[in-house]
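To keep things simple, chains are lettered A, B, C and D as they appear, and every chain counts its residues starting from 1.
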Amino acid sequence: MKEISSAIQLIPLEHYIFLSVALFCIGLMGVLFRRNTIIMLMCIELMFNSVTLLCTAFSAYHSDPAGQVFVFFIMIVAAAEVAVGLSMVVMMKRNIDSVDINLLNRLKW
Amino acid sequence: MSALIITTVLGIILLYLGLTKNKAILAPAAITGLLITLFLSLKTWGHGSKYFHDMIIIDNFSVAFNVSMIIITILIFLFGINYYKRMELHVAEQYSLMIFALAGAFLMTSFSNLIMLFLGIEILSIPLYILAGGKKTSYRSNEASFKYFMLGSFATAFFLFGIALVYGASATFYLPEIKTYIAQFNGNLPPMLMVGLLFILIGVAFKVSVAPFHFWSPDVYEGAPTLVTAFMATVVKTAGFAAFYRLLSMGLLPLPAPLKKALWVMTGLTLLIGNLGALRQTNFKRLLAYSAIAHSGFIMLAVLSQHDLSASVLLYYTFVYSLATVPLFIIFILVKRASSGLETLHIFQGLYKKKPWIAVFTTILLMSLAGIPLTAGFIAKYQVFVLSISQGYLAISIFAILMALIGIYYYFFVVREVFTETAESNPIIVSKLNAALIIVCGVAVVALGIFVWNVPI
Amino acid sequence: MILLIILIIPFITGLSLLLIRNSAILKLVALISAVANLLVTLSLIFSASVSSYSVDWISFLGTKFTLGYDGISLIMLFLTNLLFPFIVLAGFKRDQNQTPILYALILFTQSALIGVFLAQNAFLFYVFWELALIPVYFILLLWGGEGRRNITLKFFIYTLTGSLFLLFGIIYLYQLTPGSHTTDFSAFYQLNIPSTTQVWLFWILFIAFAIKMPVFPFHTWQPSTYTMAPTQGMMILAGVMTKMGIYGALRFLFPIVPKGVLYWQNTVIIMCLIGVIYASVIAFRQTNLKKLIAFSSMAHISLMAAAMFVMNYYALQGLLFQVISHGVTIIALFYIVNLIGERTGTLDLSQMGGIKLRAPNLAILLLLVILGSIALPLTAGFICEFLMITGLFQQSVWFAVFGGLTMILGAVYMLYAYQRVMLGDLRAGFERIPDIRSLDYIFLIPLIIIILGLGIFPQPLFNMADESVYAMQNFLKPVADSILAIIR
Amino acid sequence: MVGLIPIINIVWLIPAFPLLGFLITGSAYKRLKHRQAGIIASAMVFFSFIASVVLYFVLRSSGQESATVTLFDWIAIYNMNIPFAFLIDHLSLTMMLIITGVGFLIHLYSIGYMSGDERVNSFFAQMNLFTFSMLLLVMGANYLVLFIGWEGVGLCSYLLIGFWFKNPMNNYAARKAFVMNRIGDLGFILGIILLFFTFKSVSFSEVFSQASAFQSGAPVITMITLLLLVGAVGKSAQIPLFTWLPDAMAGPTPVSALIHAATMVTAGVYMIARSSILYNLAPITLNVIIILGLATAILAAVIALRQNDIKKVLAYSTVSQLGYMFLALGLGAYSTAIFHLTTHAFFKALLFLGAGSVIHAMGGEQDIRKMGGLSKTMPVTYVTFFAGTLAISGIPPFSGFFSKDLILSKAFEHSVLLYIVALVGALLTCFYMFRLLYLVFFGEQRLPGHPHESPRVMTIPLVILSILAAFGGVLNIPSFLGGNSNFSNFLQSSVISKAPEEISHSTEIGLILTSLVLLSLVILLAYRTYVRKALVPAEEGKSIFFFNRLIERKFYIDEIYTEVFEKPFGFLSDFLFSKVENTVLDPAVDGIGSATSGFGTLVRRIQRGNISFYLFAMVAGILLFIIFILIV
C-alpha cells in the first residue's frame, strides 16, 4: 500500500488535477455537443470517472483512505445511474423510435 | 436511525406485496409503515445520536425535517389511494420508489459528511428519475424523466467534482472539519477550494431548482405524473433545502464573501424567474412549477439570512408550502379528469358552481401560497422577511416583496378562474377521502397560520 | 372583553349565515347582528371605563392579540358599525344570487374592519388590513358588473402593492424595537428613528394608505372599481374602506415617523389638493352617475388627506368628523343611485331627466343627501369642511383656498348631476317609474337624520375624539418646534 | 329689566315659526290643499312678524340696546367656541321686521299668484324655509351662524329659481346663482377663518370689542374685510358676480320680490353694516367697496335701459340699487345703507309684486313691448306700481327720495365726482323706471286679450307695500327737513358709522333741488319718447348702433363668462379625464402591469424545451459564477 501511494506521488499532484479536469471537460463537451443519448450517457460516465481519478490522487497525496472509499460510492451510484439511464433510452427508443436528444422538446414554455 | 432502516425495509416489503397483485393493501401498508417511522422519529427527538463514524448525525434538525417529510408523504399516499386505483401495473413499485426516495431524503437531513450528502442526493434522485417516467407509454412522461435524469446526472457530476476539489484542499469529507479548515483562511480562500465549494452548492441548488439551474423543473413537473410532481415539489424540495441549510450551517458558515454574493445573485434570479415565469403561464402544472421556483427564492432568502430562527423558519416554510401544494395538485387532477385531460387554467372555471366547498378550499390553499394573512403561507413569508430585514438585507427584501406581489397576481388569476362561471358542465367527481383530505389540508393551513409554532432546532 | 365581542359577533353570524337557506330570514339575521353590534358599540362609547383585551399570540415574533382603542379608533369603529346595518339593509327585498355567501362575506368584512380599527399591534393590524380586502374582493368578483374579472384583479393587486410595502415597514420597525422585538404600537411609538431613515420610511408606510384612500395619483383603480361594484360592495369600499387609509396613516405616520411627515408634509398636501381639484373637475363631465360619485368621493377623501397632513387640532377634528359624515353621505348617495338605476335601467346622465316629476320624494331625499355632500351648513358636511379648511388655513392660506375650491366645484358637479337626473322634462320611457318605497325610507331617513343631526349637534363626536386628537397633534409638535429652533 | 330675560328667550320662536311651517308644508306636501298650505305658511311668517314686533317693544322697554341668547354650544373644541346664539339688537330687529313683514305680505300675495300651479305646497315650504334661513342670517350672534343663514338662503334661492324645473333654462339659472354665490361664500368662509385666527372668536361682540386694538389699515383687518367683501359681492350681486341675479328672474315672481329684491340680496349689505367696526379699520376695503358699488350701480342701470323683460328691468334695477347701498357702505354711512335697504325692500317688493300682477294678468307674458295701456284694466296695480316707480326714482316725498338723497349727499361729502356719477345713475334709474311704467301701463294695449285686475289677496299686499313705499321715508327724516334721523339714530347702537362730516343744510338743499330738476327732465324725456311718440323698442339685435347693441346684449358679460369660465372648465374636465386620467395615469399603472407580463413572456420563452439548451445554460451559469467568485 505504501509503495503504491509513493508511486502515485512520483507524479506531481498538478498533473492529476490537469488530467482529471481535462477528462471532465471532455465529458462535459460530449454532453453538450452530442445529440445521441447513449453517447451523452457515456460522457457523463467520463465526468464521473474524472472525479474518481481526482479523488484517488488526492487520497494518495493526503494518505487518507476516505477518498478511495468515496470512489467506491461513486462507482456504485454511477452504475445505478447508468442502469436507470439506459432503461430510459430503451423506453425512448420504444416511444419515438429514436435516441436523438433534441427530439425531446415537447415540454416547454 | 431506526427510521431510516425501517423506511428502507418498508420499501422492500412493498415490492414484495406488489407480487400479491392486491393493490388495496399497498397504501395501508405503506402508510402504516410510515406511521411507525413517524413514531420512531418522534421518539428520537431530543436524543441526538451519531452513526458511522459521525458521518450521520441525527439531531433535532433532522428529526424535525424527517417528521415533516413523513407527514407530507403520508398525505401524498392518502391521495394516492384514489389516484392509483386507475392504474393497473407497477403500483407497488411506485410506492416503494417514493419510499426509497424518502430514505434518501432522510440521509439528506442528517448527514455531516459530504459522502453521505452525495449518497442521500442520489438515493433521492434515482427513484425520482424512474418515477418521473412512470407512465411508460407517455411521450411527455418519458421526456420529463429523461430531462430530469440528464440534467440531474450532469449536475451530480459537477457536485462530485466539487466534493473532490474540496477534499483535495482540505483532506476531509467531514463538514465540521471543513469548517475549521476554511476558517483559517479568513475569507481569502484558495481558488480550488472556492470553486469546489461553489460546485457543491450548485449541486444542491440544482435539486431545489434555484435559478439559473432551474431549467429542468418546469418541464419535469409538467411531464411527470401529477402525484410524482407533487412529491417532487414538496418532499424533494424540503429535503433539498434541509440539505442546503445543513451544508451551510455545518460546513460553510460564515460564507466566504464571493460565495455569499453568488448565492444572493442566485436568490434574486430565482425570485425573478420563478415569478415572472409563472405570470403568463397557462398550464397549471407549470404554474405550480414556477411557483415552486419562486418559493425556492423565498426560502433561499431565509437560509441566507443566517439568523437563529433560520432553521425553524425553513422548516415552517417548507412544511406549510408542501401542505398547500399537495392538495392543489390533487384538485388539479380532479379538475383535469373532469375536463378530459386539459391542463390549462381554464379548466378551473365553474369549480365554484360545481363544488363550492372545494372551490373555497382551493382558494384558501392558493392564498396560502400567495401569502395572504391568516394562512400559514403568510406567516411563513412574514418570518422570512423578518429574517432578511433584521439582517439588514433591505434591497433584496423590497425586491422579494415586489416579486411576492407578482406571485399574488398569478395565484389570484387561478382564484378568479375558480370563481368564473362557465357554460361547460362536466361533473367533477371527488371521492370522500379526497374531499376530506383537501378540507383537512385547508383547515390545517389556516390553523397553522393562526397557531404559529417555532421549533427549537 | 367587550371589544372581542364586537369583533366576533359579525364573524360568528357570518359563519352561521352559511347554514341558512331562506334568504329573507338570512338577511334579517344579518341585519340583527349588525344592529346588535351597533348597540354594543354604542354602549362601549357611552361607558366610562376603558376596555381592552390582550392575549399572547405568536410570542417569538413579538405579536400579541391586543385590542384597544382611543378616540380615533372609536370614531372609526362607530363608523363601521353604524354603516353596516345600512349596508345589510341595502340588500333587502332585492334579488341577489347566493345570498348566504354574500352576506357572510359582508359580515366577514365587518369583522376585519373592526379588527383593523381596534388592533393595537401592528402585525395584528396588518392581518386585519389584508383580511378586510379578501371578502371585498370576492364580493366584487362574484356580484360585480361588467368587466369585473379584470377590474377586481387590478384593484386587488393595486391595493396589495401598498400593503406589502406596509408589511415591509412594519417588519423594519419591528426589528428596530429594543430587546426581544415586538410589533406593539406602543413600542413603535417609543422608537427614535434617525431622520434620514424617517424620510424614506415615510413613503414605505404611506404608500399603502395613499392607495387605499386613494390620493392622487394613486387613485386609478377607484373609478372603474366603483362603477362595476355591486351596491353593497361599493358602500363598503367607499363608506368604510377608504377610511382605513386615513386611520392607518394616523396610526403609523405621525407617531412613528414625525420627522418624515414634516419633511414631506407640504409635498403630500399639495398632492392631495391637486387630487381635490383634479377629481372635482373630472367629476363635472362624467356621464356615468356612479363614476361621478366616485370622483366626488375622491375629492372629499383627498381633502381629508390634505387636512390630515396639516396635523393641527381643527383639521384633525374636521377630518374625523368627515370620516363619519362622508361615510354616511356616500352610502346614502350610492343607495339612491342604485334606486335610480333600478328604476330607469341606466346610469347614464344623458339618458335621464325629469325623474322628479314621477318620483318627487326620491328627488327630495337625493337633494338632501347632495346638500350634505356639498357641505351646506347644518349638515355634517359643513362642520368638517369648515374645520378642515380652518386647519389648512393655519398651514397656509393657499392651501385653504385650494381646499375650499371643493365648496364651489362640489356644488358645480353635484347640482349638475342632480339637475340632469331629477329635473328637466320627463324622458320618454320614464312614465311608469315608481316613487320610493317604504323600505327605502327606512334606509334613507335615518341616514339623513344623522347627516342633519350631526350638522346641528356635532359636539358628541368632537368629545369622542377630543383627547386623542390632542395627543395626536402633539406627536408632531415637539419635532416641529425643535426644527423651528434650529432654523432660528 | 328683570322681566327681560325670560321674555327675550322666546326669540327662538321667531325662526321657529317659519321652520315649523316648512316642516308642515314640506312633509305633508302631498296631502295639504293648496290654500291650506298658503295659509299655514303665511300665518307662520305672520306669527314671526308679531313675535318680532313684541321683541322690539320688549327690547325697547328694557332699555337695553342688545341681547344675546345662546341656544346651545354648536362647536366647542379646543380654543374654538362657537355657540348657536342669536344677537338681538337694533340692526337685527330692523332686518327681522323687514323680513317677516315684507315676507308676510309676499306670502299672502303668493296665495293668489301661485294658485293654479300644481306644486304650490312645495313652493310655500321653500318660501318658509327661506324665511327661516334669512332670519338665522340676521339673528346670528356670530359669523358662523350668520353663515348658516347665508348658505341657507342661497339654497332656497337655488330651489326657488329652479322652481319650474321642467325648463332646463330655469335649472341653469338656478345652478348659476348657486355657484356664483358659492364663489362668494368661499371668500366669506375664508374671511371668517382668518377672523377666527385673528381674534380667536367669531362672535360679533368679542370680535368687535377686540378690534379696537388694531390700528386703522392693519393688513390683517384689510384682508379679513376684503374676504368678507367677496362673500357680500356674491350674495348681493355686485361686479363681477352680478350676472346670476337677472337670470334668477326665472323663478316665480314672488320669489323675485322676496329673495331677489327685498331680503336675500341685501344680506351682503347687512353683513358689512354688521361688521362696520372692522370695515372702519380698513380704508382700502372701503374704497374698493365704493368703486364696486358705483360701477355696479351705473353698469346695471345702463343695462336696464334697454331691457324688454319686465322682470329683467327690475332685476337690473335691483343690482343697481344694491350698488347704491354698497356705495353708502363704502362711504362709511352704514345706517344710510340699511335705510336704503329698508326703503328698497318696500318699493322693490312692491314693484316686483306689481310686475307679478301684470304678468298674472297677461297670462305669463313678460315682454313689455307686448303690454301697454294696462292702467285702465288694472287700476290698483297701476297706482301702486306708480307709487313704487316714484319711490325708486327718488321723487319726494316718497321713501326712495329720503334714502337715495342721503346717499348722494354722503357721496358729495366724499367727492364731487362721486356725487356726479351717482347722480347720473339715479337719473338713469328714473329713466328706465318711467320707460317701464309708460310702456306697461300707458298707451294702447298691444296684445289682444282681456287683462283683468288681480284678486284681492294679491292687491292688498300691493296696497300695503305701496303705503310703505310712499311713506317709509318718515322713518328717517333728516334734520334739515325738521326730522331727527330716527332710523339712523336707532341703528347707532349696533352700527358704528364713520365719523360723518356734517354738510351744511343749504348745500344739501341745493343738491336736492339739482337732482329734482334733473329728474323731472328725465321723466319728461321718457314721457316724450314712450308716451307721446309711443315708441316701442326694436327687436333685439336689430339696433344699428354698436353701443345700443352692446347694452342690449348686456355688455356681453354673460357670454364672456361662458367663454372664459364655463367652457374652459368643461374643456379642462374633458381634457383631464380623457388625456390625463385615461391616457397617462391609468395606462401608467396598467403599463407597469403589462411590462411585467412582457417580461413574464420573455422568461417563459427562455424555457425552450431543448435539453441541449438547458445544458448550455447550466454550463454558462456555472462558468459565469466561477468567474464571478474568482473576480469578486
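The criterion applied here is as follows: a contact is a pair of C-beta atoms (placed from the backbone, for glycine too) under 8 Å apart; a residue touches a chain by one contact, two chains touch by 3 or more.
Predicted model, so just to flag it, every value in this text is computed and none were measured.
Q: Looking at the contacts, which chains touch chain A and chain B alike?
A: A chain counts here if it touches both chain A and chain B, which gives D.
Q: Among all other chains, pick the one whose mean CA position is farthest from the mean CA position of chain C.
A: Max centre-to-centre separation from chain C belongs to A.
Q: What is the identifier of the chain with the smallest separation between its Cα mean and the overall Cα mean?
A: Per-chain C-alpha centroids compared to the overall one single out C.
Q: Higher C-beta contact count, C-D or A-D?
A: Result of the comparison of C-D and A-D: C-D.
Q: What whole-number Å value describes the gap between the mean CA coordinates of chain C and chain D?
A: Spacing between the chain centres: roughly 37 Å.
Q: Roughly how far is chain A from chain D, going centre to centre by Cα mean, in whole Å?
A: Distance between chain centres, rounded to whole Å: 99 Å.
Q: Please tell me the distance, in whole Å, between the geometric centres of chain B and chain D computed from their C-alpha atoms.
A: Computed from C-alpha means, the inter-chain centre distance equals 78 Å.
Q: As a quick test, compute the distance in whole Å between the mean CA positions of chain A and chain C.
A: Comparing mean C-alpha positions, chain C is 67 Å from chain A.
Q: Mind pulling the chain D residues that touch 2 or more other chains?
A: 604, 607, 609, 611, 615 - these are the residues of chain D that touch more than one other chain.
Q: Can you list every residue of chain C that touches 2 or more other chains, as numbers and ranges?
A: In chain C, the residues touching two or more other chains are 157.
Q: For chain B, jot down the residues that touch at least 2 other chains.
A: Counting only residues that touch two or more other chains, chain B contributes 146-147, 150, 154, 218-219.
Q: Sort out which chains touch which and give me every pair.
A: A-B, A-D, B-C, B-D, C-D
Q: Considering only the defined contacts, which chain D positions touch chain B in the complex?
A: The contact residues of chain D facing chain B are 596-597, 599-604, 606-607, 609, 611, 613-615, 617-618, 620-622, 625-626, 628-630, 632.
Q: Okay, in this complex, where on chain A does chain B touch?
A: 13, 17, 20, 24, 27-28, 31, 37, 40, 44, 47-48, 50-51, 54-55, 57-58, 61-62, 64, 66-67, 69-70, 73-74, 77, 80-81, 84-85, 88, 91-92, 95-96, 101, 104-109
Q: Quick check on the complex: what are the chain A residues that touch chain D?
A: The contact residues of chain A facing chain D are 28, 31-32, 35, 101-102, 104-109.
Q: Touching chain D in the complex: which residues of chain C?
A: Contact set of chain C toward chain D: 154, 157-158, 217, 219-221, 223, 278, 281-286, 313-314, 317, 354, 356-357, 360, 371, 376-378, 382-383, 386-387, 389-390, 393-394, 397, 400-401, 404-405, 407-408, 411-412, 415-416, 419, 422-425, 456-459, 462, 466, 470.
Q: Which of the residues in chain D end up touching chain A in this complex?
A: Contact set of chain D toward chain A: 604-605, 607-612, 615-616, 619.
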